[in-house]
Structures are given as structure tokens and as C-alpha cells.
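What follows is a group of structures, each given as C-alpha cells.
Both complexes below contain chain A, partnered by chain B and then by chain C.
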Partner chain A sequence: MTQRQTQKPLLNVEHLTMRFGGLTAIDDLSFQAESRQITAIIGPNGAGKTTVFNCITGFYKPTVGMLTLHRQDNDYLLERMEGFDIARHAGVARTFQNIRLFQRMSVLENLLVAQHRTLMRASKFSFAGLFGLPSFKAAEREAVELARYWLERVKLINRADDDAGDLPYGDQRRLEIARAMCTRPAMLCLDEPAAGLNPRESAELNKLLLGIRDEHGIGVLLIEHDMSVVMEISNHVIVLDYGRKISDGTPDAVRNDPAVIRAYLGEDEDAEVAL
Partner chain B sequence: MEYFAQQLINGLTLGSIYGLIAIGYTMVYGIIGMINFAHGEVFMIGAFVALIAFLAVTATGIAFVPLLLLIMLATSMLFTAAYGWTVERLAYRPLRGSFRLAPLISAIGMSIFLQNYVQLLQGARVKTLQPIISGGVVLMEKDGFTVVLSYMQMLIVGLTLALMVAFWFMIERSSFGRSQRACEQDRKMAGLLGVDVDRTISLTFVTGAGLAAIAGMMFLLYYGVIDFFIGFLAGLKAFTAAVLGGIGSLPGAMLGGLLIGLIEAFWAGYFTTEYKDVAAFSILVLVLIFRPTGLLGRPEVEKV
Partner chain C sequence: MSGQATLKEAGLTALLSMVLALPLIGLETVEEQGGLTLDTRLLWVLLIGAAVFAGRLGLIAWRSRKTVGTSTAAARRASALGETMHGIMPWIAGAAILFAVIMPFLPFANRTVVDLATLVLIYVMLGWGLNIVVGLAGLLDLGYVAFYAIGAYSFAMLAMHADFTFWMALPFAGLFACAFGVILGFPVLRLRGDYLAIVTLGFGEMIRIILLNWYHVTGGPDGISGIPRPGLFGLEFTRNGDPAFHEFFGLEYSSMYRLMFLYYLILILALITNWVTLRLRRLPIGRAWEALREDEIASRALGLNPTAVKLSAFAIGAMFGGFAGAFFATRQGFISPESFTFIESAIILAIVVLGGMGSQVGVVIAAVIMIGLPEWFRELQEYRMLLFGAGMVVIMVLRPRGLLSKRNPTIRLHAKKAGAMR
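Take a look at the complex of A and B:
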């Protein structure tokens, strides 16, 4: 318990509420996500999972609530920051349900764009880069090195020079994760990374995510429908239904929670009558 | 044959100038999807700044031509780039996220404003410049007709080529170019990866204005006559060039510029000078009807 108090959670969501006109998409949601853990957010369609991500990454301004990200002894209040500031300073990277790679750029370039900030500083806004100054060359080499590392991790090193748009679907998904990791994030938000993957690809994804969690010490926040992924790799599962949290705990605890079963399978009306 | 060669040289020279302006249109369109109608005026300002720089430098007694040209070039690029940056900052950035027509109207307003601003400050009368570089190489001579490649034309085409190579290198290889292309494809995503989208857009305007400044200076040196209204027609022609080449495509802008220059030169040479603008703009109409994406443009294919 004392450990808990001295160590702030990576992400602390408190009383998050998001209303669109009369519709309440998220209703008073509080949860925490830790570093070196995979936190999964699950729930039926329309439960508000992606809306949570959009609030965390600055796409939406929450109606009510406080989102605190703790990174290197700094607290960032995400609800007050613009999207690109969240990416730059708070170190939140995300992927989307629908793939958003730069289709007409090469695989390698996609990963270099993600390191734009360090490169841009090193290149003195392109001038040094244009004249090939050594400081820029060193930074560029380092960026390519990091990109190469991630391409090897996601097994795309052989396709580095192909256009991202030409890759098969599963490869594009992995490339998106690699690109997000190239921003050197503190927290990685993945929106349905296993959607559309076959079982073999899905198993590979599990391995990759576990590797990211264990070797890079970052927190992973995951939205996923594929329960084999969720139950196998998450440390912590949060279940949403109609924008409200109905369960929160370890995969096993959540799996056996009657409220969760009810949300997924529906009420057993006969049983209620019988009671 | 001789006549043809001469018109070819003239057309290429003119086309280089159009091409440099067209790049500004096409880059801005690529990144924020709007036509910057004030770009022609930015070109005009480039010509004026070059002229002012020329007068200021000659007043100090420097008469060494390469140095003179270099100072004109640097001054014109610097000031014009500042204008490009300011136009974007004042007239377009506040309207980003507004409906699509808003920045377009704002651009037209900016164009009118800049014309009148220069007219007020510099007067409405044409300004002239004595030729700084004269002479040339006689390439062919036959029956009293000589084909001349002037030093001025060499400078224009040569400088344009050099700029194109440098610019291509910057877009394809540098970190700025990479982020520029990324913003072109998905601005929101680029922002989420830590690219400062606003700055990238600003830099796009700055580079576009820098190239337009060089075009303005070339125009001044080549024709020796400028006024506050030159930006209108040159801008429109360059816009046509950008559309002809495929708006959003950099090689397209250059190719379109050269083609428009050639069409104009040949039309003026073989038909009538009065109707050369009609020829250029007829091409615009035909391209829009038969090949709306332009020569090198990418058709929008939606994946279903």
C-alpha cells in the first residue's frame, strides 16, 4: 500500500465524462494504468472504448474529468493539452482501428517521420540536413538505427523500402505499432490491434506486445474484441458498458464477474422472473 | 528551324519562371488543400524587393555583377519569404478548421490587399530596370536570322535547374521534406507522431515564397519592366501550369510550367502575340475537361 502511494500510476483517469449533445458516451469513468503492464479496455460495441482513447490522445476535450499522465517525475494533465503536445511531451502514442499509415511513403520513412522531433532539432530545421553537417548525419544514423531495430522486431526489415500502402494488412498493423514505438512513448494506446488478423498473426502480436511491455518498460493500453488476446496478455482488464465501468480487475476476476457476463450475453429474463 | 529553335529557347526561359511559381501553388495545395491565390502577388513582391535591393546596392557603388545578383537574390528571398510566412499566419491559419471556402476567399482578399499595398507604396507606374546582363551566344545563323541564347536566359534556366535539384533533394531526403510529405498525406496523424503541423505548413509557405521570389527577380531581369499588377497574370499562368502538371505533384508543376511557357512562346511565334494568353488558358480548360488530375497527378482512388 505504501508502495502504491509513493509510486504514482502512469495514467490516472478520474471521473472522466464525455457528452455529445444529449448522448453520454462516457459516464464518470475512473481507472488507472501502470507502466510495465498491459491494461485492456473491453466492452460491447458502442460502449465508449474508442472515445476514452480519443480523450486521452487529445482528439476530444472531455466534458468533465481529469487525466493525469505521470512521466519522469512530471505530471501532465492531458485534458488541457493539444494532440501533438500530448504526443511530444507526455509521450502517448496511439494506433487506430482503421490503419493510418503514410501510404505513399516507404516503410522506413514512416518510422523516420515518427522521430521527426529529434531529427528536426538535430537538422536545425533542415538547413544542416541540406548541407550534410555531421551533427545531423549522426542524428539521422541514430534514427535509422532505431527504425531498423523496430523493423526487425516486427519482421518487416526486408520491406523497408517498399511503400507502406503496398504491404499486406497484417504487416501494416505491425508497422503501425513499430511507428508508434519510434516516438519513444511512455504509453502506447492500441485500438483493436488484432482486428482482421488470422490466428497465427494474432499470436505473433501477443508476443510482440508482451515484449514491448517487458523490455521497454512502457504501459500499454489496449482496446480489443479478441478475447484470446485480452485474456492471454493483459494484466488488468476494465470493462465498459454504455460508457460506465462495470468491472475492473485481473483477467480471471473479470471473466467470472456476473455483471460482465450480463453485459456480453444479455439478461436472462426467465431467471429474473423465477427469482 | 532557326525560328523554331529560338522560340524553344524563349519558351523554356519563360517556362522556368512559371514553373518556379507553380511549385508554390502545388505545395500549398498538397499540404492544406487550398489554392493560395495570393501567391502571384508574393511573386510580384519578390520582383519589387529585388529591384529595391538593386537600387540600394548600386547606390553604394558596387558594380560587380555576380555580387550584385547574389545580394538581390538573397534579399528578395529573405523578404519575400517573410511575406509568405506572414500571409499564412494572418490570413490562413486562423481559418484552418473552418469551412473549405473560407481560406479561399481570404486568399483572394489577401491578393487584392497586396496589390493595392504595393500600388500605394510604390506607385502605379511601371518600374524599369536597365539590363544588367547583356549579350549571348549565337547558336545558329542562316539567311540573316540568328538564334541567340542570351546569358540572361542561360542564367534563368541554369538557376532553375539547380533550384529544382536542391528542392527535390530537400523534399525527398531531408527531415523537413519527410514531415512535409507526411502532413500532406495525413495531417492529424503526423501531429500525433510529434510533427509540428503548423510549423511545417509555415515552412511550406516560406519555401514556396522563396522560390516565387527567385522567379520574381528573374522576371525583373528578363523583362526589365514591372508594376504592381504583374502578379495577377503570372500567378494565373503558374496556377494553370500547376493544374496542367497535376496539382499536388512537384515534378508536375515544373513540367506544367515548361509546357505553358512553350505553348505561349510558340503561339506568339507562329500565330498572334495578342492571343497567347488565350492559348495558355484554353489548355487549362481542355485539361480540366479531359484529364482533371493533370499530366502527372494522382487520380483519387477510393478503396472500397
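Take a look at the complex of A and C:
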């Protein structure tokens, strides 16, 4: 495939297939996600959405397929990289469906762990840090400033010194996003960020995600069940069913796609005749 | 709980205890002509059953009185206690260090006391070292004594074969232990939890068995004796030393000086361990350890290399174990594989767990309880172990997460600005 484009997409997924033994969780999936866009992956339960995320973020090694992330004129082949290298070098950050914060560490500490690599280098792998050299202190101040910025964005600045595990559910969701953003990613993968949020919280989440997209110029990849979130903020929606892509386009196009309606609402005889 | 259910539960408990007691207490071997015969002691078994029955009834009654509405209050009281404890912790720590420094000059400090305090401090240091691995990084290590042994044997062999003094050998002892930590760590750190514990346990035993069987190098079960004593800038703590400590300072010779010197030596080593640990905790590496303990998957998603992070914790923990080992060798003057059995690992781990994972002060308290008290109550003979077991049970019931389990953030955004990287 040599379709030269004027600009390479941020993430190019080609022929991704993931099999677990006899079960094919993802079947020949190809799609692209762009910078400064919110790309949503939707689909019924068990459609393979989280598996796609796990392949992108290196938790699974895909059976077949090529995942290319384009960042600052470098191409990273994600399927060949270790999970932590993907986060480090390719700049893919993620959140989890079941929130995974460092519960017994403070909110601020959570955000500093996200900046581990920068700080570790500044501490000269702990030798400079051990004796509190000024260069390390400056780096740490900078890291705290970045954390402060994100805490203000997600409105958690007042809880910075509390244990992450003590926050209410909605706050924990936002903190997880802030933590992912503190890694300074090129792409942010959010696994059901609106799950368990009330309407007001999910409206706030929309605003936050639009802000991340527009102000920070990164690509957002989103798995979501809440259609008010998906339809309102996505630029591009991909619909999966049984591991296959059944639709791909703008929210409006997808909403009216008969294949999508069939997957979500089931088939009845009349509909089949009508088609 | 209704009366009938209570009786039933107490009855079941009594029955269970009698089943257990039957082989343990109900049968007695009696020496007779021509060998041993078995004698039964059924009355004892019945008595035990009755005692357990009554005890269980009492326990149920006590609990039911407590659970009615007061359990939350009790929990709150406990957490409030934790909060105040937490506030005065720096003062307690300071006072403890001050006490430790002047202790040998206090009137009650005789040879036994100083010697016992030295022993306790060895375990404090080992506890602090293991705390990095278990408390901070959350890696269950059941073979920590291996690094202690490596440190001790490194020094002993360097002294025997290369005439190293204690001070020359000390860095090497730490370095060797550290290297072994890395060698062990590479293959096993992909394992988690229970599996890691089993492998480290195996490693601990391997080291001991190698020391036991590699006769021409380690002396096998005979051990190594005549390990040199440490000196203070070349001053020796012997009667005819050249130069001797007491002569240099114009003092009367007393073997007490050597004990006090050893005491201060381990105090300094332990405090260095503590300082480094506290320091590392506030550095990215320390936060990475704790992050890994909290959630390995999330850490990986944030770009932490789990193997490297675990390895660093393992290596640094091992290093302090090695230092403590070298000190142990020089204090004893004689080492053999006997000193590095699994029970030592278990005691060190118990100190860490009892103290509250990750708590530095907790380790000190736990070491005093675990090492100091059993030695202190030696007059009680075999009952001291019984008391010791009971004490452990009491602590685990009252404070299941260890004596001091509250964690202090390593950096703060608000208030207490001084807390941020002093």
C-alpha cells in the first residue's frame, strides 16, 4: 500500500487481528486516528474494543497486523515494542476501564510518577537526587508545576495531598486522565471515561476532552458507551461488532448506518425485508 | 447471635480443639523397659475442650457487646490515635535516636544490655533494608537472609584470604550482595506475589546449602573463625593492641569499649540505611517502587519499566543486607551457615510486616519487640516463645496492617511547604 498522503496519520492500524486460542477477538481491523481529533470506538459489549486498546498500548501482542504511530517525524511500530516503551517513546498514554490509580499514594504523587522518566534523568538515576543537587530540584519544581496545571484543569487542586484512593469515583476518573496527560503524550487512549459519571460530570468531561484536543493538539482515542459523549465530541467514529469494523465515519453518518442500527438493536424480519 | 447458635459455635470450637489436642496432648510417650509405650491422657483433652468452650463463649459475649454500634466508633478512635501518633512521629524518632546515642552511658547499661541493643540494631538495619523490597516495592522476599549471608561470608573470606580489614571489606560486602541481588532478580522478578516468595525462599536455602557444602572454600559446617575485629582508625580494641584504643586515650583497659564501639558502629550503619531509604522514597525511584507496589499495570502504562524498577529495589535492599552481614561477621568473629537459616528471613520479614509495611519507625518498634523482648525474658524459659506467639496474635488482631501503617506523602503541594524535598 503506497498511498502517499500529504501528512501521515497519527495512528495507522492495518489488518489488526488478535486471536486468543480459537477465539478471534479482532478480525482484520484497519483504521486511522488523526492528531487534533477525537476518534471514538464504539460497539456492543464484547465487540473487542478494549482488546484494540490493549494491542495499541502493548499489553497484548497482536496475532497479525501493523500499528504505526507517527510522532515528530518518527514512525513507531507499536506491535514490536514493549508496553512501557510505547508509553515512553511513542507517547501513547491510556486510562483503564476499571480505574487504576496508585491508591495509597497522594494525588500529586500519582502525577509525579507519570513524569518518572524526566525526573529520573534529572536525578541522574538517583545519584544526584540523593544529595539534593540543584539541577534535580529545578526539574522537580517543573514537574510539580505541570502537575499543578493538570490538577487545576481537572479541578482537583484542593485534593492534591490526599490519597488517590480516598477521592470520589468521578474525581478518580478525572485524575486518571490528568495522570495520563502528565506523560506529555502524543495520543491519549481513554477506556470508557464516562462510565459511572452523572450527566453533569459527563458534560464536564466533554469540555475537558475538547480542551485536550484543541489546546494540546494531541489525538484522543476513546472507547465509550455513553452516546451523549460520543456523538457530541467525536470527529470520527468507528463501530465494531464481533471484532469486525462495521462502520467508520462522522458521528452523523454512523448514527444512520443500517449496519450499526442492526448491531445495536438487533435484526427483525421487517428490517431485513426493507433492506 | 442467638443462644443456641452461640452454644453450637462454642461446641464446634471445643470439638475442633479436642481433635487437635488428641494427638498433641492426649498421647504421651512413656519410657519403659524395652522401649517407649504410649499412654493416653484423655482427661487433659477434656479439660482443654472445656477451656476452649468457655473461652469461646466469653469471646462471643465480648464481641456482641462491642459490635452494637460501637465498632465504627472504635475504628474512628483507632484512626484518631493513628493521626496523633502520626503527628508526633518525628519527635518520637528524634527522641529514640538521642536515646540510642546516650544509651551506653546510662547507669543501667551493662555488658548484656549493650550487647542486646547491638543485636536489636542489626535486626533494625536488616528490617530497614528489607523494608525497601517488601514495604516500598511490594516484593515479597522470603530469602533476604541470603544477602546477609553473602555479606558476612564476603567479609570473612576477604579477611582470610586477602587480609582485608573490616573497613576495606565493607564496601565489597555490600557490592557482592548487591550483585547477587541483581543476578537473582533478573530471572525471578517477572514473577509476582506468591511465586516470587517461593523462588526467593529457594534462593535463600540455596545460598545456605552452598555455604554448607562448598567445604574447601567456606569451611562448610565448621564455618570461618578468627574473623578480624574492626578498629577505630587503626586503633584496636584489645588489651595488647598496637596501637590499642585504651592506651591511646589513656584509659584503663575494659572489654566494654569494644562492645560500645560495635554498638555505635551498627547504630551508624543502621542510621545510614534509614537516611538513604528516606531519601530514596522522596526521589522518582522511590515513587516508582511504591507505584509498582500499588499497580504494576498502571505503572507500565506510564512508561515505567517494571523489571528495572524491581531490580533496583532488590539490589539496594540486598546491599544493605550485605553491610549488615559484614557487621555480623565482625561482631561474632565466627560465622557458619547455621546463622543464616530460613527462620532468620522469617524474623526479618515479621519485623517489617509487624512494624507496618513501609514504616521506618514501625520497624524499630517491631525489632525491639521481636528480638529484644524474647532475650529480655529469658528467665521465663520455654514460656517466652509462647508469650511471643501470643503477642504476635494480639498485634495482628488489634492492628492488622502493622503497628504504624499510616503513610506520609513524599511531597506536598499545599501547606507544610517544608515537606517538599528538604
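Here, the second predicted complex is superposed on the first by the 265 of 275 C-alpha atoms of A that agree within 3 Å, B and C clash if a C-alpha of one lies under 4 Å from a C-alpha of the other, contacts with A are read in each partner's own complex, and residues count from 1 in each chain.
Following the convention adopted for this analysis, contacts are C-beta pairs under 8 Å (C-beta built on N, C-alpha and C of every residue); 3 or more make two chains touch, one makes a residue touch a chain.
The model shown is predicted, which means the values in this text are computed figures rather than measured ones.
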{"item": "Partners on chain A (chain B, chain C) - clash or fit", "value": "clash"}
{"item": "Which of chain B and chain C A:88 touches, first, second, both or neither", "value": "both"}
{"item": "Contacts of A:144 with chain B and chain C, given as first, second, both or neither", "value": "second"}
{"item": "First, second, both or neither for A:10, with chain B first and chain C second", "value": "neither"}
{"item": "Comparison of chain B and chain C by chain A residues contacted", "value": "C"}
{"item": "First (chain B), second (chain C), both or neither touched by A:40", "value": "neither"}
{"item": "First (chain B), second (chain C), both or neither touched by A:239", "value": "neither"}
{"item": "On chain A, positions contacted by chain B and by chain C", "value": "57, 83-84, 87-88, 93-94, 100, 102-105, 109, 112-114, 116-117, 119-120, 123, 125-126, 129-130, 140, 179-180, 183"}
{"item": "Interfacial residue positions of chain B with respect to chain A in the complex", "value": "166, 169-170, 173-179, 181-182, 185-186, 188-197, 203"}
{"item": "List of chain C residues in touch with chain A within their complex", "value": "276, 279-280, 283-285, 287-288, 290-291, 294-295, 297-306, 407, 409-415, 420-421"}
{"item": "Chain C-touching residues of chain A, taken from the complex the two chains share", "value": "57, 59, 82-85, 87-88, 93-94, 96, 100-106, 108-109, 112-117, 119-120, 123, 125-126, 129-130, 132, 137, 140, 144, 147-148, 151, 157-158, 160-161, 163, 179-180, 183"}
{"item": "Residues of chain A defined as touching chain B within the complex", "value": "57, 83-84, 87-88, 93-94, 100, 102-105, 109, 112-114, 116-117, 119-120, 123, 125-126, 129-130, 140, 179-180, 183"}
